[in-house]
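The next block holds one structure in the form of structure tokens; read it before the comments.
Each chain gets a letter, A, B, C, D, E and F, in the order it is written, and its residues are counted from 1.
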Amino acid sequence: MLPKDFLEALSQKHTKSNTFPSTSAVKELFTDIMLTLFPEQTQRHYGCLDELQEAFDQIELRLTRLLRSMQKHLDEDARILATNYIQKLPEIYRVLLTDVQATLLGDPAAQSEYEVIRAYPGFYAIAFYRLAHALYEMNVPMLPRILTEYAHSKTGIDIHPGADIDEYFMIDHGTGVVVGETTTIGKHVKLYQGVTLGALSVSKEMASLKRHPTIEDHVVIYSGATILGGETVVGAHSIIGGNVWLTRSVPPQTKIYHQEQVKILN
Amino acid sequence: MLPKDFLEALSQKHTKSNTFPSTSAVKELFTDIMLTLFPEQTQRHYGCLDELQEAFDQIELRLTRLLRSMQKHLDEDARILATNYIQKLPEIYRVLLTDVQATLLGDPAAQSEYEVIRAYPGFYAIAFYRLAHALYEMNVPMLPRILTEYAHSKTGIDIHPGADIDEYFMIDHGTGVVVGETTTIGKHVKLYQGVTLGALSVSKEMASLKRHPTIEDHVVIYSGATILGGETVVGAHSIIGGNVWLTRSVPPQTKIYHQEQVKILN
Amino acid sequence: MLPKDFLEALSQKHTKSNTFPSTSAVKELFTDIMLTLFPEQTQRHYGCLDELQEAFDQIELRLTRLLRSMQKHLDEDARILATNYIQKLPEIYRVLLTDVQATLLGDPAAQSEYEVIRAYPGFYAIAFYRLAHALYEMNVPMLPRILTEYAHSKTGIDIHPGADIDEYFMIDHGTGVVVGETTTIGKHVKLYQGVTLGALSVSKEMASLKRHPTIEDHVVIYSGATILGGETVVGAHSIIGGNVWLTRSVPPQTKIYHQEQVKILN
Amino acid sequence: MLPKDFLEALSQKHTKSNTFPSTSAVKELFTDIMLTLFPEQTQRHYGCLDELQEAFDQIELRLTRLLRSMQKHLDEDARILATNYIQKLPEIYRVLLTDVQATLLGDPAAQSEYEVIRAYPGFYAIAFYRLAHALYEMNVPMLPRILTEYAHSKTGIDIHPGADIDEYFMIDHGTGVVVGETTTIGKHVKLYQGVTLGALSVSKEMASLKRHPTIEDHVVIYSGATILGGETVVGAHSIIGGNVWLTRSVPPQTKIYHQEQVKILN
Amino acid sequence: MLPKDFLEALSQKHTKSNTFPSTSAVKELFTDIMLTLFPEQTQRHYGCLDELQEAFDQIELRLTRLLRSMQKHLDEDARILATNYIQKLPEIYRVLLTDVQATLLGDPAAQSEYEVIRAYPGFYAIAFYRLAHALYEMNVPMLPRILTEYAHSKTGIDIHPGADIDEYFMIDHGTGVVVGETTTIGKHVKLYQGVTLGALSVSKEMASLKRHPTIEDHVVIYSGATILGGETVVGAHSIIGGNVWLTRSVPPQTKIYHQEQVKILN
Amino acid sequence: MLPKDFLEALSQKHTKSNTFPSTSAVKELFTDIMLTLFPEQTQRHYGCLDELQEAFDQIELRLTRLLRSMQKHLDEDARILATNYIQKLPEIYRVLLTDVQATLLGDPAAQSEYEVIRAYPGFYAIAFYRLAHALYEMNVPMLPRILTEYAHSKTGIDIHPGADIDEYFMIDHGTGVVVGETTTIGKHVKLYQGVTLGALSVSKEMASLKRHPTIEDHVVIYSGATILGGETVVGAHSIIGGNVWLTRSVPPQTKIYHQEQVKILN
């Protein structure tokens, strides 16, 4: 027999009913949204406009039901939120196609849009981020985070749903990338594996401030670079070299490289 | 037809029966333990103390059967080990609640205990580590490693089940974290992504020695820092900056930062 | 109702039939190949040579059917390719056993071949790489990348199927490792977590050139090291220290360490 | 190798695409309709009117999509048919509750409505018949038959979806019951296992005529009785005994028993 | 939108929580009991006494939890009932082996005990009846009926869990067999397909009386025979011919045959 | 604790390894054979002759492996038997198409070949019988019976795999049909629900004799008729009426009807 106080403490948690949907229900719905937008990833296709519209109608209803189950955490009626969300999909789709384009142009190994959509973890993580961000903007709690953590688990790329990321975004390889909640990223930005866009300080009082950097258009940030702080701005067309550690702003067109100090014994 | 010597070599392995349980059986049981301890992660709740006690009784029996199938690798009877293990759950649970607390206080973005339990990979990896460590302490082979590798696969956080980690432990983002087998970590320690607590030398003869560092209470280690060696001690209340490479001890209250050398072209 | 032009654009993609197999079909087949070669990972064993040969015959046919469904992307008849692929399995198997051996000898914590095969993500990633590389050499498109990305997703280790890696290869911990498409790696090479073997430039015109480094025999590369460029050669028996950033060749027997510059405040 | 003419004949069938939905998709949707109408059979409940309405909205859309996939076999647009079908559910539900009532009153062993809904194959077969009949009336081909055959397979009760059956219908035990396409059954009719309401002649020319009997209100037909022919009318309040073979009409209030001729040797 | 009164009526049912376990949970547990008692039906075997005892311990706990979820319908504590039930399994098993024996001896086509256990629907239905009857005797509601209806659905054999059936019982083919709630069957009785042991009257007031016949030892009842009435006794060693309709008692050793009246036109 | 002698008796059965394949493996393979021969029942089609041939090659290998697992019960090598079996499929297919034709012509309600294949339990049971009979003829034990019992469970139609049934065979409705092991059925025979073609005596000594009737060409047997005995021959073009009980031969062209004796009270 286990101690009664342990069981009683646990029992209190068990008897509170869970007012958020299960992770698997969230994953399943948003994976289906992905597969409807990117049929490259599946064998199940829709043959005509009616079928496609009805597929989205069904997605809208499944989202309504998901949101309905957490209605008390929402600002508006579940159905209205779901309808609004679906209306955002064409724009999300348009932006995701720019992301595909960015990867295709930016990686010598990429051979086709099809390959980017099928096999690039960077694209996968960005897609889930964009789907999550739209929920985040509607003040839906928990769900955005569940979505980006799902993508994090599959790709090692951790983009907070609150980040603000413009079009033509690309992440190559991507394992270890961290993009913080209040990060702002412009157009045509490219990140490599292990890049951190993080906070300098993590005191709880700062929760409502901009704690993460701003990356302007056409910036490239190589693997392992770390850029920290809410007031740090990386000017447009800059290149941040691998392993660079940056905690202050740099003007546009900056090229900054990690100056290696090594000791050689041979 | 494949070469006969290939088939014969393979056949020898196939005819040896597998004396360890399948990975999926291990994952399934310990995931159920997680869901019983943290009903936040599931929709399946237990309504009364009897049900809860019986849920643990069933877990005990499932563990007995898992261990029974590998009895010949164990120091004690499967049933006794299983019973002992279940008796440890209340303490594991207590400590995990301190870990939740640490994350809630340590991450400005975290909004509730519920969110930490539901959506933080750091908590997930720590929880599997603590469940695995308790098996490791009972000299159960293979299983602890299977558990921590499962969490590693989901989170990118690789904590060896042999590490010794005290309460109020927190890992943020976490991808790329490595905590070696003989690491010792005090209370209120916080790690960020990409931190390695590793060995300096990896010669086989050292297998039984302490090869990994000691981190005292209230230490914070920022992203990408690497701390190596069994005699390296990071004193209490120290802060190890991002990307720092440390192979010797530092006294309490040390703040050590990576001094960036960069070349700027703009 | 969603905008008609959005639906029409999407509909065009949906009506093109998918001429590559589903990711789940690919994963399932190659996982079964893994489990047939390494029965340590499963409870399903084959009792006699006939059964084993027939298991491979069935794998050959399943591969034929997978390839048949993408015949128009192939240089040769699906059946011939599948037969050739199966004939390569004994050699792939032989090399993978050297990789197991390398890990067993190279990690003090590893206790048996069985443990390496069951619980080391490095081995898992290498095994999928070797299976994918054999397809890559037969000019089968998409599939090799799907396989290595699957392993990437599970392990955080991203090895391009085009890389050329000799026997006795070992990766420890592994999260964040990136090995580029034109990398060449000799025998007895050991990588730790976070190592990048990458390209210096990523312009599209370079797609057909050697863009990634050459690592000769018996080299060890510690965690977080980055080695870039198609003309960079790391000579045999060299040791590249953790966090080293290397963009030029080093002769054999070189030991190169990251010279830490730190600022200490205590 | 199989004969080429066999493969070619088969190939012709394989290349015709299937313009009816899969049996499993049909079963799944209508099982969900059942579970929404009769939550006694499931653990998944809907907490409020909104959720319930949205559950039906989703059912309507799933039905739309099922019908859309077979649009070319339909008289009307899939969406209109689906909407009309859902509008019929309240009436189908009302009638099914009368059937539950009839069983509860007519079987001494039945203890509650709950038990009838959970555990009576007769009720299950009638429910699927009523759901199928509403589709049949809308000239939807194949689906009604797939539904009643599914129920037949589970219960041994074979009711053609074309039969016309009024409220308070009850079947006890039911295995072997056959109710033909043009059968008419009044209110408060009760059938036992093995009852056939069939055709006398089965020539193809009769396909469009009434070939099966009419059973008026308050008739009881005991096990193994066979009633045949489109002009056969069993008058109201009649009782047809077990094993009776009837091919002509009987007036109301008739009680007809099988007169056993037995040979006894003892 | 569906009519509000319909939704409201339905909503009342949905908000009542279901206090009986799901059919699938019941089926799964008792199927596992079957497979533990008759490993002939499965590939999962237990290697030693400890494993076997622990398998039953786990079954006991799973039954406890099933019963716990319906505690308010039970006379005693779920755990006590479950323990008592498991204690009955050895006797149920002993009797089932006599049933196997009876089939093996009674069907010329049966070739081994193994075949009877693997492939005879009669044995399957009897086994589920015996497992259900033991619950019925403990006044557990609903579950016994769910079990026998499950077997009915698979075999077409409908044995009420309340029937009282002695050892060496055999049913051949079986489709259409009905055995009523208050039937009593002696040792060494053999039934063929389509046999009904039923009630003469079905008025609700008779619910608590013996409404179904008594069949004494060593009786054979051929296909399609119907025996009705609570006072009808078929004496030991009697043979009831196919299609016989019997509503009164016959003394021991009776042989009664259906005297066919046929009209021949040729 | 359960009694030791019970556990020991059971343990003996558990430690004997099961030398027949699991029922689910058998069902799965033969269901796939069905779906390959009758793509009407599935959405998975094969596009070209190569794919079709390879589908059969895979079926052949799966059958080889199934048979290999029970090699010690077979007269010949598993691979040879499997190859021979596949060679029989074109003829089985040809005959099954005659059965479809017979149903289409013989049931006024049948509207297309497609409907017969999709929704007629009679066709389903015949198809499984024909697939099982071909195994039976090769002296493969257990499997044929497992297949026909599977169809029995789904349709209520129990055809012994040993029966000898010629082409253009049709069963309508079918629940309760029993066709015994040594039955012989000619061309163009039609059975309705509840027909038994059985044995007169069931003594074990008769196991190797013809115990079941012979039905010549163009015979129709209506619902509930019973025909018994190994020497009973129903001459060609005869019609056996519903509920007829026949234990002796009738010449060709016979029409025999059950002469109902009824007692009417009205």
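Annotations for the structure displayed:
The rule is short, and it goes like this: contacts are C-beta pairs under 8 Å (C-beta built on N, C-alpha and C of every residue); 3 or more make two chains touch, one makes a residue touch a chain.
Small disclaimer: the values here were computed from a predicted structure and weren't measured.
Ranking E-F and C-F by contacting C-beta pairs places E-F first. When the contact pairs of A-C are matched by residue number against A-D, B-E or B-C, over half are shared only with B-C. Once the centre of each chain is set as its mean CA position, subunit D and subunit E turn out to be 26 Å apart.
In this assembly, the C-alpha centroid of subunit A lies 57 Å from the C-alpha centroid of subunit E. Residue positions 156, 175-176, 194, 224, 243, 258, 260-261 of subunit D are each in touch with at least two other chains. For subunit B in complex with subunit E, the touching residues are 50-51, 54-55, 57-58, 61-62, 64-65, 68-69, 78-79. Every residue of subunit C that touches subunit B in the complex is listed here, in rising order: 36-43, 45-49, 52-53, 56, 86-87, 89-90, 93, 105-109, 111, 114-115, 118-121, 154-156, 172-173, 175-176, 192-194, 223-224, 242-243, 258, 260-266.
On the subunit E side of its complex with subunit D, the touching residues are 1-4, 6-8, 10-11, 13-18, 20, 22-23, 141-142, 145-146, 149, 152-153, 156, 158, 160, 162, 175-178, 180-181, 194, 196, 198-199, 202-207, 211, 224, 226, 228, 238, 241, 243-246, 250-251, 253-261.
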